[in-house]
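Same chain, two partners: chain A is paired with chain B first, then with chain C.
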Partner chain A sequence: MSGVLDFSEASGSSILSVSQKRSEDVILYQQYQVEQITLPDYAQCLAVEAFLRMSGLNFRVEQRTNAADMSPTGKVPFIQVGSQLIAEFEPIVKFASSKGYCLSKDLPDQSVAEMWAYVSMLDNILSNAEHYVAWMVPDVVAEVTKPRYGCAYPWPLNWILPWMKQREVHHLMTIKEWASKSLEEVIGEVRICLRALSEKLDKKTFFLGPKPTELDAVVFGHIYILLTSKLPGSPFNSLVSEFDNLKEFCKRIESTYFF
Partner chain B sequence: MGAVHAKAPPSGTIRDSQPTGIKTTSTPVSKKEENDVKLNIDKLPVRVQRIVVDGLTRTKDDIVIKEIKPLLNAKTFDELVHLSYNAKVKMERLGLFKNVVIAIDVSKDHRENGYEVLFEVQEFRRVDGGIHTSITNNDGSLDFQVKMPNILGRGERFSLDYTVGTKRTHGYGAYFKKPLNNNPDIFFGTTAYQFYGEYPWSGYKQTDRGLAFDLTFPTILGSHNIQWEGVWRDLRALTRDTSFSVREQAGHSLKSSLKHTFTIDTRDNLVLPTAGMLWRTSQEYAGLGGNVEFAKQDGMFQWNTSLPLDAIFQMSLAGGLMRTLDPNASVSISDRFFLGGPLTLRGFNLKGCGPHSHDNALGAESYWLAAAHLYSPLPFRPGKGRFGELFKTHFFINAGNLCNLDFNNLGASFQDFATNMRWSYGCGVVLCMGRIARLELNYVVPMRVQKGDKANPGLQFGIGIQFL
Partner chain C sequence: MASEKMKLEVWKGDWGLPSVDPHCLAVLAYCKYSGVPVEVIKTGNPWRSPTGNFPVLRHKGEAYCKVTDIFSYLRKEHWGSDFELSTKQSADVVAFSALLEEKLLPALLHLWWMDDKTFLDVTRPWYARAIPFPLSLFLPGRTQKKAELRVNLTKGGESISEMETEAKVYKEAKECLNLLSHKLGEKQYMFGRLPSSLDALVFGYLAPLLKAPLPNNQLHNHLIQCDNLCRVVNDVLVTFFPADLREMEEKKKKEEQKSKNISTDNSEFPNRRRNMILAGFFALSAMAAYAWSSGLIQIQISDIDPAPSPNSRTNNRRGPAGVEAGVGQS
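Right after this comes the complex of A and B.
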């Protein structure tokens, strides 16, 4: 007992709070990965998972069909820590750093601000593109997105609910002025984004320095689904292959943190 | 109520007819009593030659003809009056007419024993409506209703409702009802509705969108109702503090269920009966489609009797049991039983008995409730005969239990179910607001409380229609 006390006296109370944290289970809630989750949600869940693994926080994944309805903001993923619920990437990262799990603590403040600006811009473009392809390209909607979204519900909810969600996404896309774009334009935007990322990554292992940061987690989340999703028309798979370093980055993160 | 007028032959005395609500007029008795002829009007032979129904616009002929056809077979005057009255009552009960006035006269061509019957009917307005208040379960609501009585001409009734409640509930619905086989006791109904309600005792809010078809018919013992209902329920956590056990049930569910209800109601007043009993049992099976599966039994029994000194003794019992049919699933909080509150187990918060999680009532899959009441007029009878009659003093004792039965270990858990109860007693004042609702203000002493319950000792106020 005294050994622990000495240790904590030496390095401050953060060690004590970390061991407290570990005894409280961190549970990540998302929809069923294989049958149910849709493209944009999957990217978000992967980004959060990558972040949690990179920061060393112990957690487990709970798959629920109603994960989005359970979430305090209506979006996945969300984590449960004791009696607290935190949803979406940025709030989860802020919560983790308040508990001492921060990936970008070694970076100067200026770089951190820049990183978050980058994350937000990226997330915007890539997330919009994912929503567009999943909910507004007719083949994808009919063959992939709607069946997946409605698979957990009985008739007639299995067509009413995806239809309602599609209208919601369409409305969102109209507000963001993406509804009027064509698929080629959307792919063009994604290509520009990937090119910028590829240039920023260059030949480094991670985007900002020797250790992974939140930016790496977000980029991994999006690139992984762009690479691996099997959609009719395969709009994205060949796109990522144009940028070798991004493809390598993705494989590297997967093998380091996910196995 | 309409009146039956019978024109009598010009001379002779007439006796009053027997059926209630019937007036007979008589001509003045002539002074010369020796010439009086005594006539027994009841047994006068009649032959109905014509029946005229005046005032039909949208009511269909066939349904009216069916009701008045028996009159043609009347043999005596007595029978004719009875049959006319029955036809009038039946047609009013079917919802065809607002008002029926019957006139019986001798036939115009003065044939022997010939009579004519004239039905003057007043149909309902095509579209009617109103605003009224209704009280349910400690909650009052305002109802805006547009109704179309006798819409298709055979007693069908269509209505549209919009309800706004005090506890942020609101909803609207459409209801259509049609009597079958010319029998007002057998009817087919269908309703479509959307309802939003908040359930703060359990920490969730729910939107229900549903469609139901039901059939009601009487048998010798009582009235049966068979209903199919399909409801799409959207459950959300109410606040950030909602407990996780409730939050994890958020989302969409579809219940498609078949329910049979059997009712015998011989009470003389729905709000504070002085005599009679109520027996209602229902069985519900959910699982024909949808993703909610359970079998549910629910029953209620109430018995009232008057005692000397204007006192009333009432005894009630209620209980229910439900079971999920899928061993891997559990029953949703939207379907479970709840107990507690001024309408059920007094002395506890609304739905305050049973398992709780962080202040949210979770409900359970079985319950029982028993109560005994004694009502008597206010001491010293203030306002006797008038306003004071609406108030009664009220002594009661009630007990109940709400818990989940473990079907793998039925014996032991049933033992617990019967003995681990809560009970309370108290007294107070009851105010009956006509036949609409009842108010109770009681001082309650909870005597036995189980762990996790929310007891509410002291003064408790309740307003509603159905009290146990």
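Right after this comes the complex of A and C.
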């Protein structure tokens, strides 16, 4: 495990960790879940929340309308520990493991390699697909994403900011060569990804070994969103239902860690 | 199988590699692994390519430009090394391919196109030499812009500085190399004794990193420490692309012989003395021509020699002008 992780972060932490471990106050910042948050961000936030719950850290969730602007990288979610801000899933995981909260420390190297490979597959395929559906399918953009993204701002801004965000996502999708794909092709990509996950999970309780790992957290975040999102045309809901074990997995995680 | 032969266009090779581009290398390796009867065209002219880039696979009037498209097309035509894999291993192929794209590709793009030293010393000269004239003026620039956009949009952002982006990209790439090394272990290929499409991709990404003469190479140094990855790349080169290795060795021998023949100073500019003489001669004649035309030197042969000839007549015509100028100056 240690070969994978960043040493520079780990080395400086030992002094801090002992005193902070008990009374550590971790705050998870995200946007308002019910009214505001968009599909791709919601998946990321859920993944981080699931990870924090699995690792048994004490934390509380703060919902802010401007969470994305508060984040050091401009992306949600981010956590605050003392005076430190850490944004996005992977840095948060590495930070937690440097404090001794590592879910995958008992795994052999090869499993860890596989774990991170699957995590980046989810980042690569499912995140792109979520961005695509949220920001590039006209119905969804007009009915769901833009009103939600702009809901926290007064009149001219609730029109301008979503438009700017949409342009940004368009650029991102173009450069990743996703913009030219049709919705069917995107769904095909998601199906490939889900099939790979389903194969990997098989009939096990968790993806790797007897305990939950970072991969389980990420998978839960994405699959839960795909299952429960209510979008016009609901492109994903039926797709996940094709894979029973993923659906079961999702329910299991929800009932174990979220109550 | 199809009667018509598939044609694969790739970037030219160098440094003992069949091609310099990671994606071209991946497709070439995939074809070699599974013995696809494909006609490989090594070229530097992307004029006919639909995207202005390589690889391009042409078959039955269709052109496929993206590596994933080419792989899935070949798979559809029942060429491929992935049929032996179990469903679990196929899932791993999808996952690790995504890992490569997400973590290693940005670092390679950064290294080749955004790192000033590498771009000026290796990338730009290479492509300027490979691509024919009018295209060579703007194609490298376009590719560079694309690479910059990709790295900055996916890894950077408004609130992150360029240095932080660079550090992040290389850190992730090194971690990715570690993960690959762990996954490979002591096996011959990723999934045992048979190479898969994942091995093709890994070979494509790693071979240029290992073989190219890169000036700034923290990634190269990290790769060298992963013995098993280096071993696989070298094995694949020796087993599947021996011709290119031989070519490089011959080139090396030739260069060595040349450098033996010529003194070490001159090896870089073999015609140095000739060029110096030519330049001196050109400068002299230009000065002489200027001096003559402005009247500093006057040629008065025509005045002395009265014999009428077509040559002397032209001289005559100019002669007075020269004289006049001379007079005017004096």
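In the analysis below, the second predicted complex is superposed on the first by the 240 of 259 C-alpha atoms of A that agree within 3 Å, B and C clash if a C-alpha of one lies under 4 Å from a C-alpha of the other, contacts with A are read in each partner's own complex, and residues count from 1 in each chain.
Just so it is clear, a contact is a pair of C-beta atoms (placed from the backbone, for glycine too) under 8 Å apart; a residue touches a chain by one contact, two chains touch by 3 or more.
Worth saying up front: this structure is predicted, and the values here are computed from it rather than measured.
Q: Under the stated touch criterion, which partner chain does A:P154 make contact with: chain B (first), chain C (second), both, or neither?
A: first
Q: By the touch definition at the top of the document, which applies to A:P72: first (chain B), second (chain C), both, or neither?
A: both
Q: For A:I175, is the partner it touches chain B (first), chain C (second), both, or none of the two (neither)?
A: second
Q: Please name the chain, chain B or chain C, that touches the greater number of residues in chain A.
A: More residues of chain A are touched by C.
Q: Tell me which partner A:R64 touches in the superposition: chain B (first), chain C (second), both or neither.
A: first
Q: Could you look at A:E214 and tell me whether it touches chain B, chain C, both or neither (first, second, both, neither)?
A: After superposition on chain A, A:E214 lies in contact with neither partner.
Q: Taking the superposition as given, does A:V112 touch the first partner, chain B, the second, chain C, both, or neither?
A: Only chain C is touched by A:V112; chain B is not.
Q: In the overlay, answer first, second, both or neither for which of chain B and chain C A:D41 touches.
A: Touch status of A:D41: no partner.
Q: Would you tell me the residues on chain A in contact with chain B in one complex that are also in contact with chain C in the other?
A: 72
Q: What residues of chain B sit close enough to touch chain A in their complex?
A: Interface residues on the chain B side: 232, 235-237, 240, 244, 247-252, 254, 289-291, 358.
Q: Across the complex, what residues on chain A touch chain C?
A: On the chain A side, the touching residues are 3-4, 6, 71-75, 109-110, 112-114, 116-118, 120-121, 123-125, 171-172, 175-177, 192-193, 195-197, 199-200, 202.
Q: In the complex formed with chain A, which residues of chain C make contact?
A: The contact residues of chain C facing chain A are 66, 87-88, 90-92, 94-99, 101-103, 146, 149-150, 153-154, 157-160, 171, 175, 178-180, 182-183, 185.
Q: Which of the residues in chain A end up touching chain B in this complex?
A: 64-66, 69-70, 72, 80, 83, 85, 153-155, 157, 160-161
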